[in-house]
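Labels run A, B and C following the written order; every chain starts at residue 1.
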Amino acid sequence: MMELERLAPLLTVVDLAAATVFAVTGALVASRKQMDIIGFMWLAVVTGVGGGTVRDLLLGVPVFWVVNPSPVVTCLIAAVVVHFTSHLIQSRYILLLWLDAFGMALVTVAGTAKGLDNGTGAVVAVVMGVITASVGGMIRDILGQEPSIILRREIYVTASVLGACTYVLAVSLGADRTLAALAGIAVASTARVLAIALGWSMPVFRSRPGRSLEQIRKDNEG
Amino acid sequence: MMELERLAPLLTVVDLAAATVFAVTGALVASRKQMDIIGFMWLAVVTGVGGGTVRDLLLGVPVFWVVNPSPVVTCLIAAVVVHFTSHLIQSRYILLLWLDAFGMALVTVAGTAKGLDNGTGAVVAVVMGVITASVGGMIRDILGQEPSIILRREIYVTASVLGACTYVLAVSLGADRTLAALAGIAVASTARVLAIALGWSMPVFRSRPGRSLEQIRKDNEG
Amino acid sequence: MMELERLAPLLTVVDLAAATVFAVTGALVASRKQMDIIGFMWLAVVTGVGGGTVRDLLLGVPVFWVVNPSPVVTCLIAAVVVHFTSHLIQSRYILLLWLDAFGMALVTVAGTAKGLDNGTGAVVAVVMGVITASVGGMIRDILGQEPSIILRREIYVTASVLGACTYVLAVSLGADRTLAALAGIAVASTARVLAIALGWSMPVFRSRPGRSLEQIRKDNEG
């Protein structure tokens, strides 16, 4: 089994790769909305580093890209590349979806580990992992006026929750950190890839047609 | 009169109750949008703890639920309960509105007090109280793509402002903290409950039909 | 050449003026959406101090208006004034656009300088300058449900990037801080004013009609 010290440089590389994959999904939204190159850059950077930024602010630790801006630089490069080659990337979209599944799994576990390393309990650590994986995409969808990920029923956040819980559980059972990370990444990425491949989506429990808060109030008053 | 020390455990209980009531309003938006259970959880947690989170980040103090995650846990439980019983809760919506009025009043005063305790002046303390009461609902409306609270003219933020100002004024006049808190809570919740019961809304001063920034520019150029 | 010490009080005045101009653009969106006065206040404050707030959170320094609330107070005054005089301001919209160009230039350079002063490198400093100038307007557009600035192709963020780069370049070449600031402000405001006067906008590279992520996935699967 590899030791954590030997894994660290590899993780840095993969971490940058995850930010880049997220950035590409942001730049593709900019492409669809026919934004200019500045719009590509905004969406690429926000999607690439947004989740980790919110995580660091909540944990009260220095924001990772303020300390070392390489993730921002790679996101900016991704934005420029996508701006001029979006048709090539669109035709390889399934590949991108799979890379995104792996990126989500990785930043989930990295975010969860950063929570534990900063002394949080299990619940907060899982929340940090899920935030790292999801919040960038949420801000992307708000800025690009796309339907938000939480309005869709695809299995994305669920896969992230499963991966984060696997990591926390493994660590609390005394597993080696590297092993726990590999288990968490495996669970999250497998759940996501299976959901894409098999068309899984989350069930919805509907007791009656939804009404707006406004309508409910009027109905109750009437 | 009760002393602050004896009130503290009671406040913690009521504080959790306020987060839970906010969480239920978030989960009801998820129900209307027919989200899956993960969507219920996002909206419940964001609405329940979002305002206090922004307040703590602005004040530069540790985020309250990162220190002690019980509010997040109660929000998650509220999300699961609402997911399976939303029809029961909708039929008791007026009760929820009144609980929400009390929750808003309580977190307004708690937020204002946290501002003063961290050395802010009166203006910033009032802003902190209003942020604690309102920002969770704002993020809920953005994520759920509902009309934002600031686009509606109902008296909600206004009631929060009145409660926060009452508390700051009472404290600056030398009133006992507990008494000031009770006065602030009474003013905010009474204003909100009266507005609901009597259908009050804010007046709008309209000098002429509104135009978009784009239109104004064109009209000025033409 | 003026010395920085003698420029400081002037900068504070102009800084407040910039927040006020931003606040007026926020209040005009509130006017168009026929919000009540509380809505005017929210949009004025968020637009006036939002960018600098995000910058300070990212840098991990105390938020400027929590330390000294005068910018919030001037934004609130601007909101009240615009609420009752929006027709007068709309008819002077071109003047407002030019003031906004100058305000954008100023806060860009001030934000970039604050980044460098807190030990960031060139890239992060430029990002801080652009965030200070743009994020307030972005939140304004989300809360007011207007098309976001990043969906429009007008030269605004681009002008801010140019000004921030000019300042960082000048400082790195050993220029006096005051001179570098004046150069950055001149470049950003000139680019913005020329873009308004000559109707410049950013080019868009379109390889093929944009498709949604959903569509792309379906097309690839089909």
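In the analysis below, a contact is a pair of C-beta atoms (placed from the backbone, for glycine too) under 8 Å apart; a residue touches a chain by one contact, two chains touch by 3 or more.
Just so you know, these numbers come straight off a predicted model, no measurement behind them.
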Third chains touching both subunit C and subunit B: A
Chain copies touching (subunit A, subunit B) - same or different residues, decided at half shared: different
Centre-to-centre distance between subunit B and subunit A (centres being mean Cα positions), rounded to whole Å: 28
Subunit C: positions in contact with at least two other chains: 57, 142
Residue numbers on subunit C that touch subunit B, as the complex places them: 25, 28-39, 42-43, 45, 53, 57, 62-63, 65-66, 69, 72-73, 83-87, 90-91, 93-94, 97, 142-146
Residues of subunit C that touch subunit A when the two form their complex: 57-60, 120-121, 123-124, 127, 138, 142, 147-148, 150-151, 153, 157-158, 161, 201-208, 210-213, 216-217, 220-221
